[in-house]
Every structure is written in structure tokens, then in C-alpha cells.
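Pasting a structure here, questions to come.
Read from first to last, the chains carry the letters A, B, C and D; within each, the first residue is number 1.
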Amino acid sequence: GPLGIGREATPEEIAAWDIDVRPDGQGLPEGHGTVAEGQTIFEEKCAACHGVFGEGEGRWPELAGGQGTLQDERPVKTIGSFWPYLSTVYDYVHRAMPFGDAESLTPDEVYALVAYLLYLNDIVTDEDFELSKDNFGTIRLPNEANFIDDPRPDTEVLKAGAEPCMKDCKAEPPRITMRARILDVTPDAGNDEENAGGSVD
Amino acid sequence: GPLGIGREATPEEIAAWDIDVRPDGQGLPEGHGTVAEGQTIFEEKCAACHGVFGEGEGRWPELAGGQGTLQDERPVKTIGSFWPYLSTVYDYVHRAMPFGDAESLTPDEVYALVAYLLYLNDIVTDEDFELSKDNFGTIRLPNEANFIDDPRPDTEVLKAGAEPCMKDCKAEPPRITMRARILDVTPDAGNDEENAGGSVD
Amino acid sequence: TLAAGALAARGAAASDTAITELPDWTRYLGEGVATRPYGHPSEFESGVVRRDVPWLTASPESSVSFTPLHDLDGIITPNGLCFERHHAGIAEIDPSKHRLMVNGLVEKPLVFTMDDLKRFPRENRVYFLECAANSGMEWRGAQLNGCQYTHGMVHCVMYTGVPLKHILNEAGLRTNAAWVMPEGADAAAMTRSVPLQKAMDDCLVAFKMNGEALRPEQGYPLRLVVPGWEGNMWVKWLRRIEVGDEPWHTREETSKYTDLLENGKARRFTWVMDAKSVITSPSPQAPLNHRSGATVVSGLAWSGNGRIARVDVSLDGGRNWRPARLDGPVLPRAVSRFYCEFDWDGSDLLLQSRATDETGYVQPSKEELRAVRGVNSIYHNNGIQTWHVRSNGEVENVEVS
Amino acid sequence: TLAAGALAARGAAASDTAITELPDWTRYLGEGVATRPYGHPSEFESGVVRRDVPWLTASPESSVSFTPLHDLDGIITPNGLCFERHHAGIAEIDPSKHRLMVNGLVEKPLVFTMDDLKRFPRENRVYFLECAANSGMEWRGAQLNGCQYTHGMVHCVMYTGVPLKHILNEAGLRTNAAWVMPEGADAAAMTRSVPLQKAMDDCLVAFKMNGEALRPEQGYPLRLVVPGWEGNMWVKWLRRIEVGDEPWHTREETSKYTDLLENGKARRFTWVMDAKSVITSPSPQAPLNHRSGATVVSGLAWSGNGRIARVDVSLDGGRNWRPARLDGPVLPRAVSRFYCEFDWDGSDLLLQSRATDETGYVQPSKEELRAVRGVNSIYHNNGIQTWHVRSNGEVENVEVS
């Protein structure tokens, strides 16, 4: 049972930190904003990094586009092409963006920005569309159904007492098929290769 | 068997590092020095810390005296009162002294200093006494016989399956018999007590 | 076996002045005690550092720096060398102002100070933390030439913390509680959904690593520990735990940390870090300084599903294997150190290591993994690593047929 | 048991501005990765340091600084906080110039570079290192007010090193070999006599601690590890190992590190560190910040003779005992962490801990020790430590009847 440690949180304290939003709408605050309002805010607070059309500036991430590319050699994963739930957009924009000024947006501003992000991703097409707590649940993202549960293990598992292959596990002596693309990564020798592509997630 | 790692040491290399001296005399180099010669060197190189008579200066250690004090409340342990073997004096003075200029003394100088340390401890009384490799083994220190082997464990050892005392292990409720002498040791509060006596060995 | 040539060459040589001329450190006093109240490594170890690869990310505040695995040994990662993965830089938190809140499906929502948390029963456990994106750059092929970069988003320390179950029981779980959501106090305020069974099993709310307070880069003063599961769930700068009946589908488990397959579907809630191993020495940043004879191959193996059962090493690119020696404590969900000592004949080698854990799971080759996952899943690349060792001791990251 | 008063007091209070006003670290970016290639603790932990007591010794170069045990947890001591004990200050050695020589009763005297040593098979082991002079100031009574000072000449890390037997076998032992003498490369050039059986058993020639190179204060680049035996034998800055048929009776095992008894005889070659324990929290430097209710007593126990079997804790000065909980890995010749959680009624306490090791040896009280050893043996004080906890949470080092 309880040890008598800590104290009860006040409702005001909980309200200050309880900012998460779930797909069923739990956690959405009262508020509303239109695509047009969102565009204004986006151009002021977001476009410098994410691009006017959410296409990404330099190395900053893109927020729109890429629909239908998930099976390409280089998939483009954005809100419209990949994210399952709109609630995640609200939740994340409010808690983490703009980068460097987190939790500075009001609920109305966040609703407006989310509406604009839907517009950039062609999920809504009307600039006068208004997103609010009341209609939030009616918006479904295109890729919602394409997530599956973890089926692992998905490679070899030995039966009890079995050993992995130890001898002649390959028919032919192995040949080298690829060498390191970026030979010298150590920053100190001055000959680092630049921007070989790829990123860390 | 050997793995073929490393290389053979040359005799010159071994001679540079093989400086240890054993009680049976193994390791003593050729050389000699008198008490009088040792006094000259000691006063120049040692007395500033150890005192002209080896009595110790300030906090630096004493090197002479204390014979017969080992059962006193505050024993004085020096070469004369406590050390078992003279070889240790040679070995240590050569490898570690003077403090800050280790291994700077020649064998003749070390023999002379050891002779002088014997004189300061009244083990030899003739200022013209000369110590050398040849007569080194004839000098015995007074406390040689008073060392015994480790007999531990020397307190309670439980028999297999037994438990230590858990209840009513003292007849009376314990009283505090002593409190910390040095209450505030932390150097940061500016109220440290000075020189409460004792040292670390 | 004996390297006869090496022994023959070991005859008398010229004396080494490093021996015959006493160095200064044998003659003169060094610095005294307490000149270094909190010590630091020798200046001669100044190359042993975390490193980043600037072009990998948009900004250093949302980025990674890698553990120098090639320079380390044993199973403990020194605190100052644990890889970093931040999303809004390092929060510098005043512990006297830090609070932990528990709210949601609880009898009583609670707030704790750091002093409060230290009154709960606590535990000490050695656990690895691996980011699911570790080795992510290597999915398509051999990319970065060094195990610090290919495998350096892993570390292993002893955590001291309160089992999360004690904290949840203090608040009292409602009967429909099924998930918990840890949340960070940094400017990324990261959140993840953790199933209640895991939360009540072995999760810790930790405040120490390797005996001292968490480092700021690792979440000072408080972080979540989710043994064996992907590092992203081990929320740093932990400020809140919400209890709920459904997952939250946060950005870090939807946009990110889902594994996109060839067929366009994406796996979600891929929590466990499968068994994995890597040879840390020799490796591209740790070439061999001798040309033949007694040689030590050293590496790490770990599994989110428990203990490592065995590690095998191949010198010929996976065609033939020999068992390696697991050395020191083999602890569940911690790294294990393995060694393979062999007599090198000086010829080219294709070194590989392959871990098997206590469930029987065998670390797959990269080809086996790609066959199942494609090349765009980004995360959970636990494929076998190959190093090409040349006769001159240099080592390169390669792939083999 | 429930602290009813504490629960009742836990009702709604005024809101904490630390929560309702978002702190800067939740709004703004922190420093990016790789701004700290070798990290350091939070500035808020600046009090967690080694400390010395200047009046204890003649000079800081031959002196000690103590591990801050009261601030630590678990069983791993962070490298920067390991106590120091030097006799000529800290040698700063260039590893490329450092050599290890093996000479004496061997088939072939050998010289090794650091690279050579890394070609031998190696091991990783967690071991405590305690100076035999630890707690030496406390023989006559309660002296220094803090476990950092009363017990701080102990640390515990994972060593990586070569079993000494491999190195001795490489040189080839002559049949009359019976002792080895390690020697340091610093300006104290410390030597000790180690019986061959111990040398061939579990001694290591170590080059890493907690995964990275030894710290200069701990003997970089090489030291001897003599598991369970007094710290003075673990020669730092190791440059030579001589093999012989008799002990050398060096200064460090005659003038020092012999145990003078009441009858004027002195024990020599008192190698093993007997079982010992101490409560690290609460302790004088770690007072309690609450006045009643759930309380955690934390401490360390260790034995040079193997594993700790049990630790018991007393709240009433040794009259009655309860078993403490050993937590985490319990390894032979390493420290073990113990805890005792209890419901404090706020009254004065006389806290003690008592270790028992796997041989059945029970940590004695200080009176029991004095009865056997007198008060002038300086070394091997492993007596039970008593802390007086007051109602206001303050703690003092005391002795009791």
C-alpha cells in the first residue's frame, strides 16, 4: 500500500502539465482556427525552417507531400503520407514547436496551424475550413490503416538445445560486395567527407 | 606456453630498474660510506625535513628514537625502534629519497646515509664506522624478532548454518560513550578544526 | 599455438632509452591529492570522446553523438562517454525545482520532489540503452567507417532508481489502467506509451548512473528506465507519468520509431531491442598494431530479451564460426563482453560476430534482415557486422556475399 | 506500515510555481550534442567531490583524498571520485613510453609495451580496493564526522586487465619462484612482496577501470590488481615485476602496513581486507530531510574473502538487529549495496550495520577489535560504525556502550 510519500497534485498543477492529446480526442482543449489563420501563423513562425509549403528548408524536416511514396526507394514520410492520427499533430505542435519556443502557442493558434498543415497535405482543400475541438474527430489521415503490430521475432530462433551453424555455413567463400562509403568520419583529421546523404532519425 | 609477446630485456635495461635490496643482501651494489660522510649529506639533503637528529621537522617524519616505546600509549616507530631489517633502509632511501629528487643518490652516498641513520638511532656509536656491501649483513636491527605472522581471522566466525545474534544482544540499552571529536570536516564551511591530531599512514 | 617467428625475433635488441634513462615521473613529485576534486582522464586519452557527424542532422540540438566503443572495454560505459540523443538540446535542471507528477487513472494524483523519491525502496541494475536508430545508417550497405558510428548509439551503466510500480501504487491504479505515458521536462517534452504490464514489471524511475547523479545529457535529475526496450522510451528529464486506458500514439511512436516495410505497411510499438553484437576491436578506428601472432578480438553483445547465451566469431565472413569467450558478469538486458583470442597468420580477415540470446534468437545477417524488412525501416538494424582486416592492420567496414 | 499522519497531511496544498510556471528548460533549447565531447556532472552536483583533510599528512603529495560515499549509490564508484592515496604525487605517464619489465627467477626477462599487453587474453572483474589505513583515524574513538572521512578510502570499479599468470608464464617461472615484487614508476617507486600463489590466482595487470583507461590518480596507464587484499599492494604506475624465492620486506610492509599490538609485537603480511560495512545514508554529510515515515537506510558491505552473505542493521546501537536487503549483483571481493527500509517514528536512532561474509566471518564491534588488537595497530579497522540520528534529521559519528 501507499507509504505516505509525496503530496496530492492541485488541479491547477495538473492543468499546467496535462497537455497530451489522444486519438479519441481526450486532452483537446477548447479552441478553433482556420486554414487561412494558420497560414499567417505558419509563415511567421514555421516557414523559415519548414518552408512556405511545408517542403522543408535545407536540412529542416518537410511537413507535407510524399503521399503514395511509401513503397518507393526513398519514401517521403509526412503528416499526409504517413502519420496515422491528427491528434498527434496537435499534441506535437503544441508541446514542441516552434523549435526553440516550445509551448508558446495558444490553443486557437494550434488549431489554425493544424488546419493549415491539413491543407498543405491536401487533406482539406478549403482555405476557410475551420478546425476545432468539436469537429477534430471527423478528420482521418490517409495512412491510418497501414500500421501493424510487432510480429517479432521475425528471423531465426533456435529450438532448445540446438546450435547455430558453425561450419560451411556458406557454399562459397564470401567476397566483399561493398566497402564503407564514408571512409573517414573522425572529425579530427580534416578530410571528412561532407553530406554523404542519409540522416539519423 | 608463451604466446610470443614482448621482447627480451637487455642487461642494461635490467640494471637500470633492478634496484631492490633484500634482507639477505641480494641487490646491494658495490659501495661504502662512513657515518661522518653520511652526516654531511644528511644535513645538506635530508635535515630540512627530517631534522638534524632525525627527530622530524614539523609534520615530516622522524627517523630516529622511540626505542622501547612500542607498548606506550603513543608508540614512536622509527628505524631504530621498529624496523626489522637494515636492507629496507638502503632500498627505500635510494628509491624514494630525498622527497622530490628520487633515485638521485649514488651507492656511496646511500651507504653513508644508512650509516648515519644507524648512528642517529644509537645502533652504531662510532662516527668513523663505515658501512659497505661487505659488512652490511652483520648489522641487525633491534626489533627484528618482534614481527609475527597474520593469525586472522581473530574475531567471531560463525559455524555453517548459524546466524549472528539478532535479539537482545546487549543486556542494557546502549548509551553514547563518545561523539565525533572533529564535528565539521567539510572544507567548505570555513569552520574546520585544525590539527586535531592523528595522521593517515 | 606458438608464433615461432615472433619468438625468434624476440632476441636481444638495443636498450630502450625509455628504460635506461629514468623519466621525470620516476624522479620528481607529481600533483598532490585534492588538486582534482572531480578527476578527469589523462591528457594522453584526449582522443577518447563522444563524436558526432554534423551532416547527419539538421541541428545539434536535435541530434546524436556516439559512444567511442572502439576505445572501451568491459561492460560499463563511463558516464562522460555515454552517447547523446537529444531533441531540444540538453535541459539544465535545478533539482530543487524539479517535480514528478503522476496523474490520470489514479486514486490520487501526486507530486514528488527529488527528496520524496529517495524515500521509496530503490534498486541498482546494470542495463544497456540502445536507440532503435542505432546502425540505421547501415541498412542500405556499409556506410560509416568505425564502430563508434555504426554501433555507437548504445551504452551500459548501473542505474539506481525506484521501481515505477512503487510510485504507481503510491498514487493507486484505477482498475481500467492499461498504459502509462512518461513525459519529459525538456523543450521537446517527449512522450511515449508504455503498456502497464511493462511499467509494473521492471521499469525504474532512475536518478543515478554508475553511482553518481545522472549526467545532464542523460536526463538529470530523473529519467525512466525501460529495460531491454528501445532507448527513446527511456524518457529523460522525467516530469510526469500519466496513467491511461489507451495508448496516446505520440509523435515518437508514429511519425518516428515505426518500421516501414517494403509493402508500405509500418510496424508500430516495436519495443524490444533484439539480440545484437559487434566487434569493437579490431575495427576501423582501432587498427591492429602488429602483423601476426597472438591477437585479441573484443566485442559487445546484448539482448533486450534477457541474457546473452553465446557469441560466435567468424574470421572468414560468416562461412565458419568459432565460439567466443563471454567474460565477466553476464547480466540480463545488459551488454556482455566477449573475446576471441587467436593466432593471426597475417592474412586478410573478414571478421564477424553473431550473438544468440537465452530465448534461442540468433542475430541475423543483414541480408536476412533486409529480406524481411526491406531497406527503409530505419530502426532495429541488428544485423551482423563485418570488418575487413588487412595485412597491414587497417580495418574497414564492408559487406560480404 | 502506513504513516497515518503523513497521509493526512497530504491533502490539497497551494500550487507550486515550479509546476504552474513553466521553467526555461521546458521552453528553450539547451546545448547541442558534442558540446561536451567528454561530459561532466551537472553544476548542481558540484558538492560531490573527493575531499582531503590537510592536517592529516605532511604534504599533499604523500596524502589521501576520500571517496564521497555519502553521495553515491549502487556498487560502481565513478572514476573521477575514486579515493587517492599517493606517496609522491600523481605520475603523469606517456603510455607510448611506458614499459613493463619482468625479471628475476624467470626463463627470459621480458619487456612489454602497452600495445604488447593488449595482445594477452584479458578479463573484466568488479573489485573493491580498500586501503588498510581506512578508518584508521577511528581506532581510538569517534573522530571525523562523515563517512567520506571515516570510511572513504575504498572504491569499487570494473577492472579490465591481463591475468598476471599469463605474463609470468610468458617469461617462464623458474622452479624456485615463490614471490613476486611489483614496482611502480612514480617517484615513490613503491614495492610490495606478493606470494606467488596469489599472483598466479586472480591478480590482474589492469589498464582500464569502468570501461576507460585508468585515471592518472589510479595509476595510468597500468596497475596491479590484488583482489580482496590491502590497497597498498595494488601498485600503481606499474613498471616492473620481479620474481624471487623470498619476500623483500620492503618499507611498505615493514615500517608501514604492519599491525602493532598491545604486547609490542607487530603482525606482518596482513594481506586480506576482512568483511566490513558502513551505512552511507543517513550519515553526517547526508542528514535526513524528513522527520518521520518511510525512510531508506543505504550502505555498502565488502569482504576480501569472497561474497557478502548478509548484512544486518540495528536502530538501537547493536542491541537488536534486522536483516537488510542486499540489492543488485553480489560479487566476490566487490562491494555490495544494502538497504533497510523502515517506518521512522521520528525518535533518536543509533544506526549500525554488520556484515557477514560467505566464510561465516562476522564484522566485529570496535570493542571486540580493540580487545584483540589494542588501539595502535593503525590498520585493518573494520569495526561496526554507529551513527546517531537525531529527531531533526542531523547525524553524528558516535560510539556506544
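Keep in mind that, in the parts below, a contact is a pair of C-beta atoms (placed from the backbone, for glycine too) under 8 Å apart; a residue touches a chain by one contact, two chains touch by 3 or more.
The shown structure was predicted, so the numbers you read here are calculated from the model rather than taken from an experiment.
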Chain pair with more C-beta contacts, B-D versus B-C: B-D
Farthest-lying chain, centroid of Cα atoms versus that of chain D: A
Rounded Å distance, chain A centre to chain B centre (Cα mean): 69
Computed distance of Cα centres, chain C from chain B, in Å: 48
Length of the line joining the C-alpha centres of chain C and chain D, rounded to whole Å: 27
Cα-centroid distance, chain B relative to chain D, in whole angstrom: 24
Numbers and ranges of chain C residues touching at least 2 other chains: 10, 16, 19, 26-29, 51-52, 59, 61, 63-64, 88, 101, 108, 111, 119-120, 187, 189, 239, 293-294
Contacts with two or more other chains, residues of chain A listed in rising order: 1-3, 5-8, 13, 17, 99-100, 102-103
Listing of all chain pairs that touch each other, if any do: A-C, A-D, B-C, B-D, C-D
For the chain C and chain A complex, residues of the former touching the latter: 47, 51-53, 55-59, 61-64, 87-88, 101-103, 108-112, 116-117, 119-120, 133, 136-137, 141-146, 148-149, 166, 169-170, 172, 181, 183, 187-189, 191, 239-240, 242, 244, 246, 248-251, 254-258, 260, 262-272, 274, 284-285, 312, 316-322, 350, 354, 356, 359-362, 364, 368-369, 372-373, 376, 378-379, 388, 396-401
Footprint of chain C on chain A - complex, ascending: 1-3, 5-9, 13-14, 17-24, 58-61, 70-71, 73-75, 77, 79, 82-85, 87-88, 91-92, 95-96, 99-100, 102-103, 146-160, 162, 164-170, 172-188, 194-196, 198-201
Sites on chain A touched by chain D in the complex: 1-8, 10, 12-13, 16-17, 99-104
Residue numbers on chain C that touch chain B, as the complex places them: 2-7, 9-16, 19-20, 22, 26-29, 293-294
Interfacial residue positions of chain C with respect to chain D in the complex: 10, 16, 18-19, 23, 25-45, 48-52, 59-61, 63-65, 71-82, 84-86, 88-95, 97-99, 101, 108, 111, 115, 118-126, 157-160, 185-187, 189, 208, 210-213, 215-217, 220-221, 237, 239, 289-290, 293-296, 298, 327-329, 331, 337, 339, 341
